[in-house]
């Protein structure tokens, strides 16, 4: 597979809040390999966006603190200077955001915002930059590219704005694209367009994509490998097939089962009891334990680590610990029927 | 755009009419006969009666009102009771004095206010931020008439640095052309006078600037902070833009929209609200003009003066609204 | 299933005026809902899907007369709702209720949950304070909350819990019909299934009828007996849920269904990617509203508005392909 | 895949009991407020002046009109901490009694404008159409006036006195609250919980009083606090122009006006009343800012 | 845009500099600062002191007052004769005088001037003419019957009936002589372009800011005026005005706060000028209102005011305690009257006799503006308030705007008020009749005091021509008024001016305005 583009090790991000420091991302490890689409799924507030912002170095030091290692092509970004980060941002790592409505500056033209990254990283003459920006807009399937350059964001529909965002992110041909819920705000038919576009970009440019979403369908559609997050921690990591076919963590299992399937009608949906915990509210043990139907005492007192199973799958659950309580497969049996 | 302006102007009419009505009734309900005031305490009853008649104050109020409005519609602001001069001719020097002062004050206020606001927002939670915002808070809490007195006490009486009252050197008065003395002195190449006029502007200018400056600083800071937290700033930063450029290119233009509103409002307020400053600094401005006219029961002056000030106020706000469109493409006036 | 109609809607329309120009004159209209007809049978769940802005919420609100329809008729158990006076309408409100999309905005932040749930009883004339309290506790238990929650304020609840409170409030007046406007869209998947289950349980328990509005086709299929698909203020297809999902007739429904990503790695979707965006309801296309994006567009689609007709038993669609 | 994983617990899951206490929005606001040091200083200043006002009779070393012409213009000293004025009255005592006047004017003028303004604002916001048009135009007119001139004219009409100054200040502040309430009504009216209230068949009046008004309280309180600050300055300004409190009332603005002629011989007579005005106003402003952060983060701009 | 009228600058600074370089004049510019601006510069059309002090420099009267008293002395008329019946006045004019527009000053000009007033019948604009000379042409009350020129330099004025203070009236600044040509030329705008024979001529006027006058090079009095230029500058606030004097922005100021006298005296560059007093400031009772309809109450309160303390504290001792409604400088002053002494016991006792053992509550109206006769009305009221409190009279100070104040006091709405009066022409009639005769109720008799005896005596004095006799009558009137106590006369203030020590030849006149012809700066 070669060395990963991005190698995140033991990432911790905390925020200073009124109730003291709150750990929002709590020891996250994952890799993104060249050309790969990595999916990060999890419920709202589990720390997906914060993880991506941490990678970009966009967590302001005044309100948050990032620690651990973030290696980008071997370079530790946490140690990198702000100047170095600026060189990397938009150039080597680009990002698109959830809200196409608010992520574009309303008072500047599309063209102006398109060439910004080129100005910073390439210092091309204006004409060249503009021409390139138009090309880029065309590439993301925007028909009236030349005209669009002089239009303002509010004159565009949500789908068009998201395409502009993607074009903007891709303009410097980054090695890694972080997409933070790029389609959540869009309608299904438009979402299909955008996902299609991203897939083809990934294919054509070999840009690695870190795809953040809470929609399992999107993950299934786009990604090769998947990381499941729960309350600031990675609870499971596996390739696409494994995740859907052989989910291990009770949370992953529950999650997959909770989604109503459009193709058939089940009499009743499975649901995970309880609520997503507030970040920092669970101090000891497995974060999922209060909602887990298989939790036993150890789950409540000790935090499990991310176990690598023989399949290459990683899971953070005491059920799969080899040793005293028997083999992994014994315990999964209680979950699987 | 033009249609929008016309529409706004059309909407002005009822407001201005309403104002005329209110000012008219207010001033006419103030007890005290203008004739008495004009002739003074020692005047005879008959003389007062005769003057009352001559001024047309013996006619029924509705007729007086109607006549006044009729005049207004023909662009006639009426004649001052006291001087008998047409107000249209008389008002400009006063207005110019106030405009010069307000403009000067506003420039100070905007310059210091906006910059302090930006720096505070930029270095949020720094000592500069705290000190600047404390000063701004004290600024909004400042009774300017007291500030004016204190300024005079310190800079004029104690330190003898700056003149206390008036607009120019009394012994070497500015020969008025536009009545905006800074301009007049420049036109005439009298740089010595220019510097005199400027010195005269300093104390009242700062007194008047205090409140808008404080408000603008607070406003700039908070709207900068809000903008700096917004998604598109994050986008810009994700492109590798440096924070400085992000602020100056992306934040300022957005943050300026609410600041602009405040600037417009405050400029309008300065024009009419400068009475206290004008009184303390003996500034022959429009506020003084109207205030004295109330004393003298010079009805036409009060009515037309207030009307002129209010019209300017409304126009400034119209201009501000139009400026929005220049800054914010989302606003389009059809 | 009993096929007794509870609610009948005929040619319902809602045009919102666009004001502008001088003195707020009307300069145009948003055709938010443009001629919708359907029937909801007693005890069933009718799903309503469609993309954002197609008029689902507007339709739902008109049914409760929270919005005054511009045109069309609504019959609830035979009574013509549009003929009711205000006070009659207020009484009628007991029969039908609404659950809202945003669990944060639909609860008054300054009232305790107890007060929020008590209000329907006060409004509908329950004088006895103690009885009201009892009923509130009962409601809370019904939706899976505890009686001690009554003292709390909405901001102390999670989204899913708030949605339960919203449902409890709707239940308070013993309605026959509940219009649920995207009740789970704002919720996380794991919470969404809790609420869906709750809705289903309540339906059984109280013999409720639902009009279930959503844009998530999976959810709609899961909960609905019959499903209507809306596009630009019109119903383009309406049928029994299984039939609609398995064999959609309208090209829009087809595209919509194919666009939904399925969380299954083995399933190979034959995706129809539509071009362009949804046109604005302020300026809808002539003829068939879908013709601008339709992969099977014909000449007459551009000029003639297709009728909404039954092409198979219980399966309605508005498309010239089936003329 | 659904075959692979079966349901485990089909019943409605019970939410666990959490023993979090009930926090009302007001209590919560107070918590936020308490954390704000600057706001607490504001509260401290305001409370200080309120206490002065209430216990003036006990605190003030002299009466506010204890004239002793022989003691004219004594500089700050042990007997007269802040000196005496030209009537030989103790400035400290006058400032203490003056707090009564300023606070009274601030509170009552603002209450007056809140009552009238809210009433008009609610009418305009709730009924819309021509009611709104008329009331809104009225506000426009009032706002287009240079407010201090308007106040002067009103006082001139009614005759200078504290009470009339108060009325004038109340009048010029009406549109502030009117507009605030109107916009609140308009926005609250669109809130989903109002639709929900309508859906359960609630009458307009009840909606207005149980939902719209309580939800407008926070901005009113915030705006009210800030308006008290302005009202105090305005009252002082009117007093300064001789249009407010009448002698021998120890109104701060009047004290300033009376002693500004002595700024050279007796600067303390000018200094202290001014400082008092500024401090009180600052107190209310700090408090208002704090309240805004605590009560109504949306207004924060 | 800009109006030429309000700012008709004819000479700019450079031209001025040239002139002084020629050596033709080097008297310098005097900046005289005062509290208000002129209204009009046509003297006959105004009644306010701020206008008159300016016209005084431009327009001259036939006869003038002595420098610091109200004695009549020759001016444009070098001599005059009065017929025995007091009905014919013949004035002999100075010869060879020209108005500053170059036209001649002669008998015709005088006739035209007086006829302009006499025939105008315009009470509104020519108020002083009516009030001092009874009425216009054809009116029964008119004093002047006819005016005729007898040759170039002789003017004969015939009267309908004798008027004792006729010459004093003619000496009043409002009756200055304007150039008839200029009046015709400027028409309505004459009041902004006055042309006379005076020591200075009008140059420019910036409203509510300053009026500039320049030297009349052809002035008929040799060697005068000494100054090149006078600027009348408006500085409203008394202390600001003093401040500008101290820092050298202005040379001379009026309206010095008594409290600032010390400050001026301490400054070795400055001096004080005192304007001889011709005024009275008083506390008036509305004798029609309870309890002031009872003379005992009025007397009681007269005993309760410590006049000397008031004078010491609010006039800084620069006033004289008043016991009569007219100042001692006016002929006919009765100095034999013994004032009600400050005696709280007596006051209380009188109150008790009147049936107000526990005192009463009352409004005291205090004027809101400083006046020459009472620079500090509000504060004096505050002190009186403190005095009255000691005898149980609880006083509530009421103030309102000056215009309203006058109107309401005039209408008799006030029970007790502060006011005052400055003499116009230095005649007793101008005090006693104007202020306390029953005819004046509704105008200047604010106390609404009506005493038939007083009335009879005053009317008699008006037509008497014998000075002695008139004085006797006035003394009698003062005694009656003292006993009735409709007022508490408080003080005759000496208005204070301050200026540079170097100013010489400046004599403040009791009437409130004076010529600057002899004034020098250095």
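Read from first to last, the chains carry the letters A, B, C, D and E; within each, the first residue is number 1.
As a convention for this text, contacts are C-beta pairs under 8 Å (C-beta built on N, C-alpha and C of every residue); 3 or more make two chains touch, one makes a residue touch a chain.
Note that the coordinates shown come from a computational prediction; the quantities given were computed from them, not determined experimentally.
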item: Steps needed, at minimum, to go from chain C to chain E via contacts; value: 2
item: Between the pairs B-D and A-B, the one where more C-beta pairs touch; value: B-D
item: Approximate Å spacing (C-alpha centroids) for the pair chain A, chain B; value: 54
item: Whole-Å gap between the CA centroids of chain D and chain E; value: 49
item: Rounded Å distance between chain B and chain E, as computed from the means of their C-alpha atoms; value: 38
item: Cα-centroid distance, chain A relative to chain E, in whole angstrom; value: 91
item: Interface hub residues of chain B, defined as touching at least two other chains; value: 30-31, 152, 157, 279, 294
item: Multi-chain contact residues (two or more partners), chain C; value: 161, 194, 197, 264
item: Per-residue multi-chain contacts in chain A, two or more chains; value: 244-245, 256, 261, 266, 268, 270-273, 275
item: Residue ranges of chain E touching chain B (in the complex, touch as defined); value: 1-3, 5-7, 9, 12-13, 29, 31, 33, 39-40, 47-48, 122-125, 127, 130-131, 188, 191, 206-210, 212, 231, 233-237, 240, 243-244, 247, 249-250, 400-408, 410, 419, 421-422, 424, 434, 442-444
item: Residue numbers on chain A that touch chain C, as the complex places them; value: 43-44, 157-160, 187-193, 195-196, 214-221, 240-241, 244-245, 254-256, 258-263, 265-266, 268-273, 275-276
item: Chain A partner contacts - residues on chain C that touch it in the complex; value: 51-52, 158, 160-161, 188-194, 196-197, 200, 215-219, 221-223, 241-242, 245, 255-265, 267, 269, 271, 273-275, 277-278
item: Chain B partner contacts - residues on chain D that touch it in the complex; value: 137-138, 140-141, 144-149, 152-154, 156-157, 159, 229, 233, 236-237, 240-241, 253, 256, 260, 263-264, 267, 270-271, 273-274, 277-279, 281-282, 284-286, 289, 300-301
item: For the chain B and chain E complex, residues of the former touching the latter; value: 30-47, 49-55, 82-85, 89-90, 92-94, 152, 156-157, 160, 163-167, 169-173, 175-179, 279-280, 282, 284, 288-289, 292, 294-297
